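What follows is chain A paired twice: with chain B in the first complex and chain C in the second.
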Partner chain A sequence: MTRIFAVALGILTAIGGFLDIGDMVTNAVVGSRFGLSLAWVVVVGVGGICVFAHMAGKVAAVSGRATFEVIRERLGPRLAVANLGASFAINLLTLTAEVGGVALALQLASSVHYLAWVPLAALAVWFVIWRVRFQLMENVTGLVGLLLIGFAVAFFLLGPDWNELGRQVMQVLPSSESPFTYWFYAVALFGAALTPYEVFFFSSGAVEEGWTTKDLAESRANVLVGFPLGGILSIAIAGCAAIVLLPAGIEVTTLSQVVLPVQEAGGRLLLAVAILGIVAATFGAALETTLSAGYTLAQFFGWTWGKFRAPAAAARFHVTMAICLIIGLGVLATGADPIMVTEISVVFSAAALPLTYLPILIVANDPDYMGSHVNGRWLNAIGQVYLAVILVVSVAAIPLLVITGVGQ
Partner chain B sequence: MAHRWGSRIAAVIAAAVLAGGCAQVSADDPAATAVSESHAAVATMALAVRLSLDGRATNQSTQVVIDDSVETVADAQQSLMTSSGTDPARLQLAETVIGPVLTEGRRIADRGPDNLSAADLQRLQQLEQELADALEELGG
Partner chain C sequence: MNMPQLPMPPARPEGRLLDVRLSLLDRQVLDVGDEPVGVVDDVEFDDAGDGVLAPGTPPPQLRNLVHGPILLERIFGGRRPRAHFDRIPWSAVAELGSAVRLAVEASAVPVGWLEGWLATNVIRRIPGGRHVPR
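What follows is the complex of A and B.
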């Protein structure tokens, strides 16, 4: 019974914790401009994160060590430093976007300018990381983040025209948009679904929670059930925008526009649910990115790390996270638009994907680390197909960013 | 062999960037862009005002949507003022339609969601139509 409860809780928190500001904004922008014609990218992206998160969790459960520790040892410091450089920079950008997302969501609830919320949001992130136990932190943000289900409820309450949505799904390129813009957003959606911090957090979290090979089934259930259901919430956000905003000629540029369809569908009550869900999801992601910043650096340099240790016992790990939060705070204090930071972060994320995912595939194939749990033939084949897709996306990301002027 | 493939990939990327650059230049019309952005902002404001009048939105969220929309229109007007090399007649047309939108948006934002009325919604819908007409005239 306890086991079933643990698996159910894991799946629920995986659903609630799947979405972050990048997923929410990118899906809403895409829905308001392309309808559901890019929904296939979410499906492909969710498949990718399932494959690689499963591998990363397996590496952690079998070896008892997090991805970065193993990468440095297995691939040597030179390749590991390239991995670290790209992942750390993008993670910092994502952290900034998430803190900005929390502030924007609180602005929606209070109408107090988001810049006033930024320091409080950053302080709250630091406090939770400093004081709250890992499991409690993960479960609370994941479960409250489930309130994003409000978007799925809104989608059905809006009474969608299924024929029109079906036509959008089958449409390769809407006539009103250029192919470059279409592919730019395809890359952005893919990058949002496979953000590198997700696997670093997933594998380090496995070590924090002391996973062993006995936990592999639970890990598989979290990934293979929780993430796809989270992906459905992503499509619901795009669907809401496609039903309400696209016909009105409203292209999403702010978070306040993202919740307009929810208000249309369910009024104030559903709006409150959605805002609470957004606050929890972005706050949870801010915690995860901040922790990932500490994890990656500490694991690369061999520092003592982990929330299961007292802060004094992992001082450099905690100082790294505090500095990263201060940097994020500084970027937002310049008045940088959090939505623009989000859009840029998901595209750069896409550009750096091979540096994150290739090492995971290599380590998951190494019998010295994995023993009998080394990747099977099918998992390898799927992993290699995804790696090829990731390489194409990575090459295309920056040129598309330049060509389209960040998707204009 | 690898070198030859590297050169081909570089050439394809360069061609894509150049082609995209050309497409970007032809699509980059400050007047049409500013009117298009303002149109989306007014449509957003109109939707927010309607939801507020229907009792489906909170005052806080409505205020944020209106403030964000006014900021978008102000940015669009600012970009018109700083643009160069655009046909003055097109700029004039864009400025003529965006000016009243900004004035109306600021008036609504200052009065606050408590004082919204059906007349405000009607006025926004009228401005939305004027922007749509201007956009059509500009070929946007």
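What follows is the complex of A and C.
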């Protein structure tokens, strides 16, 4: 059992971070409009998050320094405060979307309006952060989140037409949509895969769990199991939408449409499983984004932080998180559509990526931090290729958002 | 052409050569028990007067790490009165690495009031605020 739980941080980061509400919605939207012709972006994105989460985890395990400490130290206060502003704002947007996502999933399960669930969801997130031990939190949300495998089961139950899906996978730029829209969704998927809070959470989680150089193998296993699993489930969600919603001409705008193919394939039982998975995954993501809000601010200013401390020993950290949850509640209370918030947050997050990933790559090469564990030649080569991709994506993100009018 | 004679650079002092900007500024500060104290937001040297040293005077020495609100001046510029600095004396520094480790407890150096105020007036009053999550 301990071996299973050993990869729990990776699975929670993947289920709650990779497969958050942003990923689920974006993948379903993409599947319903482009079939599987953007599946390659998910594969590229999984590769990217594996490379950089691995480096961030390694830096944290060897030096004890979490990612935002590294960002501050390498970029200096001015650039780091710019990154902090951008990351924190995006994170707040994502947090809002995740809390809304939990509420939307509970609405699907209960038929009670989601706005009634929003305060309960936020209170539950706060309580878990306040009282529940880190390991317990990640094991429970990670394991329940695995129920998202329901989407993969549905994919096979739907009896896919493999020739058609194969044709879609090979077809870059379908003629039915404008190239700008296609690339807009490519950027959104990439941004959803590499959302910075994933590395903030993963590296800070490594510190919370007290990882040392002895845990490097575990860190690697976490990354190599967790994120590809998240990627496979992402493609399963897109595939389900491609099989059921694309031919029917249904464009995804609500969470109930995301799970429509699951119901068609496996009836109410499979639907219940998938919804439970969505609740756990969005809840996990809400925990991660809330904690990341505290982690980034605390690490930038050098405050005490972490769930391994009593809240009274990390007062500013806990007050920050509570305020962020209250702001998220306020935004949702205005009736803002959580799905829309999600789609915007992944694109902005794509624009802000380089300021987070460049310092990680630099410090992973610094013997002052890493001693003999500096990056090898291959890891550096891959990291640099991804950094180039990240730069292109970040420059293209906002113009594409404007040109396409958020992918319309 | 008559080149002015440049003075020879002083002999390199014994010990470890440190680039303050690269290896000291913006690093985390941990106390003797590895508890975070803050970040090296600035450093304070001996007062060099008007900035020009008379020949023969010893070079200014690093006296204190400064942390806290001085970060604002590093980002936006400006200058606050020296009396308002939160100083950690250089003599309290035990080790330089990926973080600056002190030889003293966090309670022995000046820290901002906000953490203590929030802990006393907010966090400790909420049930469970004094216990490590289980």
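Some notes on this structure:
Note that the second predicted complex is superposed on the first by the 389 of 408 C-alpha atoms of A that agree within 3 Å, B and C clash if a C-alpha of one lies under 4 Å from a C-alpha of the other, contacts with A are read in each partner's own complex, and residues count from 1 in each chain.
To be clear about the criterion, a residue touches a chain if its C-beta (ideal position, glycine included) is under 8 Å from a C-beta of that chain, and two chains touch if they have at least 3 such contacts.
Since the model is a prediction, treat every value here as computed from it, not as a measurement.
Once chain A of one complex is fitted onto chain A of the other, the partner contacts of A:267 are limited to chain B, with no touch recorded for chain C. When the two structures are aligned on the shared chain, A:64 is found in touch with chain C, with no touch to chain B.
Applying the stated contact rule after C-alpha superposition, one finds that A:78 touches chain C and leaves chain B untouched.
Contacts of A:349 after superposition: neither chain B nor chain C is touched. Applying the stated contact rule after C-alpha superposition, one finds that A:307 touches chain C and leaves chain B untouched.
Using the contact criterion defined above for the overlaid structures, shared-chain residue A:375 touches neither chain B nor chain C, since it reaches no partner.
Within the superposed three-chain model, A:111 lies in touch with chain B and out of touch with chain C [touch as defined at top]. Contact with chain B, but none with chain C, is seen for A:250 once the two complexes are overlaid on the shared chain. Shared-chain residue A:131: touches chain C; no touch with chain B.
Against chain A, the residues of chain C that register as touching in their complex are 23, 25-29, 35-39, 41, 67, 71, 74-75, 97-99, 114-116, 118-119, 122-124, 126, 128-134.
Those residues of chain A that touch chain C in the shared complex are 63-65, 69, 72-73, 76-78, 80-81, 129-134, 136, 299-305, 307-313, 315-316, 318-319, 368-369. Taken together, the chain B residues at the contact with chain A in this complex read 9, 13, 16-17, 20-21, 23-24, 27, 33, 39-40, 43-44, 47-48, 51, 55-61, 63-65, 68, 72, 132. Against chain B, the residues of chain A that register as touching in their complex are 107-111, 178, 180, 244, 248-251, 253-254, 256-257, 259-260, 263-264, 267-268, 271-272, 275, 395, 399-400, 402-405, 408.
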